Amino acid sequence: MYAPGSIKRQKTTREATRSAESSSENFHGIGRVEYKSDASYNIEENLYYRYYNASERIHGRPMEEWLRPSVFLGQAFTPGLVQRPWCEDGTSLDSYKKSIRAMFELCIKLGIKYWSGYDKNIAPEGDNFDENQSNFDQMVDLINEYQQKTGVKPLWIGVDLKTHSRYKNGAATSTDANIVTYAGYQVKKALDVAHKLNAECFLFNGEQEGYESIINTDLAKEMKHYSRFLKMIVEQRDRIGYRGQLLIQTNHENLQKNRYNFDLYSNLALLKHYNYDRYFKVNVKAGHDFFMANAYGSVGCIDIKNNDLMDVTKASLLLRTVIESGGVAPGGLTFYLPNHNAYFEAKDLAVAFVTSIDSFAKALRLAVKLVNDVQINKNIQMRYLSFASGWGAKFTGSDASFEDCEELCKKFQETNTNLNTNASRSEHWSAVLTRYIEAPLK
Amino acid sequence: MYAPGSIKRQKTTREATRSAESSSENFHGIGRVEYKSDASYNIEENLYYRYYNASERIHGRPMEEWLRPSVFLGQAFTPGLVQRPWCEDGTSLDSYKKSIRAMFELCIKLGIKYWSGYDKNIAPEGDNFDENQSNFDQMVDLINEYQQKTGVKPLWIGVDLKTHSRYKNGAATSTDANIVTYAGYQVKKALDVAHKLNAECFLFNGEQEGYESIINTDLAKEMKHYSRFLKMIVEQRDRIGYRGQLLIQTNHENLQKNRYNFDLYSNLALLKHYNYDRYFKVNVKAGHDFFMANAYGSVGCIDIKNNDLMDVTKASLLLRTVIESGGVAPGGLTFYLPNHNAYFEAKDLAVAFVTSIDSFAKALRLAVKLVNDVQINKNIQMRYLSFASGWGAKFTGSDASFEDCEELCKKFQETNTNLNTNASRSEHWSAVLTRYIEAPLK
Amino acid sequence: MYAPGSIKRQKTTREATRSAESSSENFHGIGRVEYKSDASYNIEENLYYRYYNASERIHGRPMEEWLRPSVFLGQAFTPGLVQRPWCEDGTSLDSYKKSIRAMFELCIKLGIKYWSGYDKNIAPEGDNFDENQSNFDQMVDLINEYQQKTGVKPLWIGVDLKTHSRYKNGAATSTDANIVTYAGYQVKKALDVAHKLNAECFLFNGEQEGYESIINTDLAKEMKHYSRFLKMIVEQRDRIGYRGQLLIQTNHENLQKNRYNFDLYSNLALLKHYNYDRYFKVNVKAGHDFFMANAYGSVGCIDIKNNDLMDVTKASLLLRTVIESGGVAPGGLTFYLPNHNAYFEAKDLAVAFVTSIDSFAKALRLAVKLVNDVQINKNIQMRYLSFASGWGAKFTGSDASFEDCEELCKKFQETNTNLNTNASRSEHWSAVLTRYIEAPLK
Amino acid sequence: MYAPGSIKRQKTTREATRSAESSSENFHGIGRVEYKSDASYNIEENLYYRYYNASERIHGRPMEEWLRPSVFLGQAFTPGLVQRPWCEDGTSLDSYKKSIRAMFELCIKLGIKYWSGYDKNIAPEGDNFDENQSNFDQMVDLINEYQQKTGVKPLWIGVDLKTHSRYKNGAATSTDANIVTYAGYQVKKALDVAHKLNAECFLFNGEQEGYESIINTDLAKEMKHYSRFLKMIVEQRDRIGYRGQLLIQTNHENLQKNRYNFDLYSNLALLKHYNYDRYFKVNVKAGHDFFMANAYGSVGCIDIKNNDLMDVTKASLLLRTVIESGGVAPGGLTFYLPNHNAYFEAKDLAVAFVTSIDSFAKALRLAVKLVNDVQINKNIQMRYLSFASGWGAKFTGSDASFEDCEELCKKFQETNTNLNTNASRSEHWSAVLTRYIEAPLK
C-alpha cells in the first residue's frame, strides 16, 4: 500500500504515524514532535524541538541532511536482562518484534529517517543454524515492512563479534578455525541484512581481536588471519553487490589489554598497514579523535554518547568541521540513548532524544555562524600569517632546509628576537566561543 | 694515545678505567663490575653480574649484541633542580662536564658500550645563538675525547622539542614561523651532534605537536607543516651524510590532550599516512606495544622504564621476540634510571644499573631457552592446527569466502559442534612460564 | 592615606585603580570591569560582566558573598621558567614584586576582594635562613601595603611542601629529622604570613607524604609523625592567635603512588582517623567530590580548575548546594587561570577571569532559581515519597529490621509487585536542567 | 557418616576425596595435590606444590594458618552465560549443584579449607519469594552436607547488591522503599546462609550505592538511609547470634561515577564518619591499599586478583606485614581464578590455583626471612635514627613546636647543613629485594 521512500510524501507519513499510534502504542500521549522555536522552557514543553527543523535549509542543505541523525537500536530496544517498557518476557523473538515496533514508532514521532544497530540487536542468535537463519529472516521481513511504511532506514547495520562468550579469545583471530568460520558466517548474514534493509553503511567491530597471553600466541599468524578476514568482508560485499560504506568501530580506551585494534589510532594503523583505508572508514567519537580522523580523511560515521549528547560547545566545533568537509554522508550521527543501562520510562526516552537532537540542531545553527564568521576566520588566517609569505611560505613549500633555519637563528641573535612570547590566546578564543554560544541565535 | 673502538682491547679498557678512577672519582670504591655467576645474594655482592657476561655467545651472538644496553643520560646526569652527587652548581656548563665525566665512568665500570640522551641532556641551551653553538661544540669535543678513550658511543641522540616553554604550543606545528625555525635549527644541531658522535640512531620527540583549542586552529595546515618538518629531518640527514636510523618517540598515554602523536598507534598512523614509515622506526616500551610495533615491522629501539626495569617475566617474552626477529640493531635497550627524580647516591645508581641489566641478562638466557623449547613451540603450532590443512588452510590462503563459512555452519548443526568451549589455556601457560622462570638456569 | 576595607567606598577604589594605572600599568587599556547585563556578544565587549554584579543581593546576600571568588596567584603570577608579561628576569625578588603588583591591579580591575596563594608563590625561598626570612618579610610588607590601599585580602595562604626536591621523599614524613624540621619552619613562616595578611584560611598540602618503597619503610612510625605534624599546625595556629580556618588540599587522582593522602577520601580517612576533622576542612573540586565533602560536613574551600571554569551546568548544581548549605564562608571559590602553563597575554588573562567569574555568576542566578523552583523541589520530595509514611518511614527511623523486610517480600509475592521498573528518570531531569539553563534568566 | 571438622582426621579426608572422585569426577586425573619441594619444573609436574606445605609450622604457625587461602566460588563456578566444564545447562538449580560439587572436589584436591562466595554464586534468585527461599534452602543443605564431609567452610559469604538490574539506581539508597526492602531481605537471607554455613566473615558490597544525577537527588537523605541500612546489618547479625566478622568490599577504581563508596578510602571515610569502623573491616587488595588499611587497623580480608596472583615480590611484602600484624584471622586470602571470564578447562583451573597458592607459599617463606633479617630490620631502624634521640625524639613526642623548628633552621645556616641530599635509597633496597627473592630458599 505504501511506496518506499514515502517519507517525502508528508501525508503518507502522517497516515503511518496514525497507524502506528493504534491501540497498543508504546509512547503514549506523544505525537509527532514539532518544531516550535518559541516553545517555553517548561517541563511541559519538553516534547518540542526548539532548534531542529528537519527540512529547513541552512548553509545550502536541509538540517536533516547535515546531521543525518539515527536512533541506536541497542541500549533502549534490545531485549535482555534489563526490563523495557515494551517487552517483559526475556529474549524471545516476540520481544524483539515488540522492540522493533517501538523503535519505528519513536523514529516516526521524532521525525528521524535513520536507525542503526548490530545484528544482535535485530534478532536473537538461534540455538542452531536453521533457527538463526529463521530468526533473522523473520525480523528482516518485519523491519522491511516497517521501512516500506515509514521510509525510515538504517544508517548502519553492524556485526557484533565481541559480546558472545565464544569470541572471548577473538573471532577473526581465534585459534580455532571453527570459531573463525562462525564469525565469517555471522558477517555474511549481517551483510545480507544490511543489503536487504538498504543500510547506508556496514560496521565491523573487532574489539575482541587480540591475545590473552603472548607466550602461546603466534602474533604474525593472527595478524595475517585478521587481514584476510577484513579482506573477505570487502569481497563478500562486492559479491552480493552491496554498495554501502564499510566502517570499523573505534573506541576511546583500551580497557581490555592486548588488543590488535581498539581506539582510533590503532585502527588507523591496522587499516593503513594493510592498505585497507581504501575500503574502511571509521566510526568515531566527537572531539579530538574526530578532528584527527577527519585530517586523515577517514571519518565514516560519528558516535554521540555519554557527555557528548548534550554538549553544545563540543557539537558546534564538530559540526563546523563537518560543514567545512562537505558533510559526512553516507554516514551520519548515531545517538546512543539512554545514557545508562537501567530501566527507563518510554516518555523519558523520547524526551532524551528530543533534547539531544535539539542540542545538535542548535549546534548546527551555531556552526553555520562559525563557518561564516568573518572575524573568526580572519583570526585563523592571521595566526598563520608568518607562513603566508617570505621564509614561512618557503618552509611550507619544499625549498627550505634546516640549514636555512640555522642561518635565520643567527639573525635572531642580531635582531634580539624573543621566541618565548608566543601565546596561543586560547583564553581569548575560549571566551569568544562561550559568548558566541550564549548569544541568542537570531 | 687510545685508538677508537679500543674497548675490544681488554687491557686498554682497564687502563682507561684506571685513568677515570683518578683522584676525583665519582663512583667511589666501585671497580669494573665483574661477571660472577655464583655471587652470593648478600648486600655486599650487589656489584657483581650474576647473569650478564657481555662477551659470552648465546644463540649465536654475544650477550651484549642481543641486549645492546645503553645508559640514559637524562634522569641521572642532567644538571638542574635536583642535586646530583657529582655537581652542585646549577646548570652551568661545568656541571654538564662533570655529569658527562660521571656517565662515562659509570659506562666503563658497568662494561656498557652505549649511552643515550637528548640534546638538552648534553648541553644547556645558550642565551643566544653563539653561546648555544659554543656550548654544544665544547661538549661534543669533550664527549668525543671520552669516546675515543673508552669506545663507548651513543645508541641514540635525540632532539627535545617538548620541554622548553617556547614549544608549549608546538614546535614543528607552531603558528609562529620563528619558532618552527628555531626548532629546525635545533634538529639540525642535534643531527650534527649525532653525526659527530657517531650515534647509531637519531630520535625525534614530537610530544608537544598539537593544538590548544580547535576554534582557532587550522588542523590541515598544521599537519602539512608537520609532514614537511619530518621530511626535512630525512633531507637534512641525507645532506650531512649521517647514516643512523631515524626514530620517533612513542609514549604510553595521552596525558596532554589534543596531540597529533603520542602513543605507538598515533605515531604509526602519522608515519603510515605520510608514507614515512620507510624512514622512521619507533622507540617503544616493553609489553604489548612492543609486540604490535614488531608485527608492523617498526621497532627501532626499546625503552626500559619504571616497573619494566626488574620484570624478568616481561623481559623474557620481549627478548624471545627480539631473538626471533633477529635482534634490534642498530637500536637496543635504553635503561632509564633511577626510577624517580629525587636525590640518589652514586653507588646506588650503579647498583640499580647492575640489577636491571642483570635482570635482562637473566631474561635473555631464559628467552633463548624459550626459543629452543620444543614443547612450547610445538604447543603454539598445535593451537593453530586447525589452520594447517583442510578448510583452515583454505581460509589462510585466499580461496575461501564467507559463503563457505555459511555452508560449514550448516554442517556444524548436523554434527552438533560445540563452539563455546574454546579455551585459551592461559592459566596453563602462565603456570608453565612461572615455573620456567623459577627453574635454575643451568 | 587609604583606610583598610576601603573597597566598600567606591570612590576610594577608583582612586586606587587610577593610581595602579600609572605609567607602568600591566593590564593596558583595561579599566574597572563593569556589570552590563545587555553587553553585546561581540569580541569587543568581552570585558564586561553580563551576570556578575558583585553587590547585588540575591537570595538574601550580595553575589560576591555567595561566590567569594579569589584570584590564584600561582599559574599566572609566579616568576619562573615561563615568561610573564610583567616580568622577564627569572626568579629575582624584583620579579615577585612586579607579579604581586600585577595581581593587585587585576583584582581591582575585576572588582574581586580575594586572592590565594602558596608561600612559594609569594616569595622565592632564600639560599639560607636569613635571606629566606628577609624575602618573606619584604614581600609581606609590600603585600600589606597593597592590601591597605585596596581592601583586597587572601582567601587562603598555603604552605607548599611538595614542590622542592628536598621533599621528594616526604616532608612531615621524611626519614630525616632535619627535613621535617625545615618543613615545620616553613609551615610556621606560612602561618605567620597568613596571620599578618589576615587570610581567611590556611591551606596545608601534603601531596608528597608517602613512601618510595615499603621494604625500608616503617609505616606506623611515619603515620605517627604525620599525625604529630598535623597537630603541631593546630598548636602553632593557636599559639600565634591566628583565627583562620585550617584546610587540607585534596586532589583528583593518585598520580604518584604510595601516598598517605591524595584525593578527597584518603584525606577524610586520615583526618577522621586521628579525629582532626574538627580542625581541618578540605579544599575540594566541583562535582561529586564536593557533594560528598558537603555530606560529610567537610567543605572548606572550592577549587575551580580546567573544564570546571566554564561549565555553567556543573556550577549551577554546585552553587545550589552551596546556597542550601548556607554558603562556604570563610572559604570561597579559587579560580585557577590560565588553564595552561604557556605564555599568555595580560589582556587575555583578564578576559579569562571575567568569563569564568561571569559563568559562575550566571550559575549563581540559575542556582537561586533551582533552589526556589517548586516543581523541582516537589519532584525530589516525590521521589522519596515511599519513605514519607508507613513502612518507609519506619525504615528511616530506627524501628525496622531485616525481619520486617522478609515479611514484606513475602507479601510482594502475593501482590505480584514488580521490583524491576524503578526508573531514576535522569533523562527527564537532565532535559529539564538543559532547558532550564538555556532559558533567558529574566 | 562423616563427622564435622573431619579434615583434621587425615584418613577421613582421603576417604572423602575418594568418594568425590567417583564416576563423575570433574577434575579428571588429578589427585590430592602433594607438597614436593623438589618437583621438577616440567609441565608434567605442574600439579605439585613446591612451597606450600599446609601443616608445616613456620614462624610459629602452620602455613595454612598464615595464608588462610580460599577458593572464590564466583568466576569459576557460577553457572551463567559462559559455559563451564561441569555444567552446560544455563542457570538451573541443577547447574548450581554441579558447580558446588566441583568446587568442593577442587578444595579437597588442593587441600584448601576455605571457600568464599556471594549469595548469587550459591543459588539463583527465584522468580518469587517462595522459590527464592527454596533455592537457597536446598543449596545450603547441600553445601552443609559437603562441609560436614570435608571440613571445608566459608572464609566469607557475601551479599551481592550490585549485579541485579533492580539495583542499578542503588539498593540501600534506592529512592524506592520496596527495593530497599528487597535488599534488606537479601541481606537477611545471606546472613542466615553465612550463619548456617559457619562462615568466618560476612561481606557487604555496596558498589551501586550512589546517584545518577544530583539534580533530583537528596544526598543527605540517601546517606541517612545508607547509614541506617549498615546499622541494620549489625543489628541483624546480633539478632541471629552470628559471630562472624563484618566486612565491606573495596575496589580499586571508581569506574562508575557518583558512588558513595568504591575504593578503600571512600569506604573508610564512610565507616569512620558513622563510627562503624567498630563493626566493619575492609576486604582489600594487596599493595599500597593493604598497607594503608593495615595502618588504620581495618584489614579484614585480602583479595588476590589479576596480576597479584603470581607476583611473589608483592606477596612477600604483603605477608611480611601480615606476619608482623599477627595474621589476618578470622579473614584470609581469597584467590580469584581464573583471571578471565572465558571458557577454561578443569585441569587448567586446578593448575592456576596450585601455581597461585604456591607463589604465596613461596612468598610466605620469603616473608619470614624478611621479618627475621637482621640487616634489613637494622636498616629500617637506622633510616629513622634521627628520631631516636635529641630533637627528633622531642618531635616524635609532644613537646616540640614549630618555633623550635625555626630555631633549628637558624642553626642549619650556621652549620651550613645541606638539606637537599636525603636519598631514599630505594634503588639499593629494590636491588636487595630482587636478589633476596631470587636466592634459593634453603
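A few points about this structure:
As written, the chains take the letters A, B, C and D, and residue 1 is the first residue of each chain.
Assume a residue touches a chain if its C-beta (ideal position, glycine included) is under 8 Å from a C-beta of that chain, and two chains touch if they have at least 3 such contacts.
Every value quoted in this text rests on a predicted model; they were computed, and no experiment measured them.
Of all chains, B has its CA centroid at the greatest distance from the CA centroid of chain C. If you lay the C-alpha trace of chain A over that of chain B, the rotation comes to 180 degrees, to the nearest 5. Interface comparison, B-C versus C-D: the pair with the greater number of contacting C-beta pairs is C-D. Homomeric contact chain B/chain D: same residue numbering on both sides for over half of the interface positions. In this assembly, the C-alpha centroid of chain C lies 38 Å from the C-alpha centroid of chain D. Rounded to whole angstrom units, the spacing between the C-alpha centres of chain B and chain C is 42.
Touching two or more other chains at once are residues 82-83, 165, 168-169, 212, 340, 342-343, 420, 422-426, 430, 432 of chain D. Chain B contributes residues 41-43, 46, 82-83, 310, 337-340, 342-345, 347-349, 351-352, 354-355, 359, 375, 420-428, 430-432, 434-436, 438-439 to its touches with chain D in the complex. By the touch rule above, chain B contacts chain A in their complex via residues 128-130, 165-166, 168-169, 174-185, 187-189, 191, 211-221, 223-225, 228, 231-233, 235-236, 239, 257-258, 260, 263-266, 268-269, 272-273, 288, 291-292, 294-296, 317, 321, 370, 376, 379-380, 383-384, 386-387, 391-392, 395-396, 398, 400-406, 408-410, 412-413, 417, 419-420, 422-426, 429-430, 432-433.
Residues 81-83, 165, 168-169, 212, 340-343 of chain C touch chain B in their complex.
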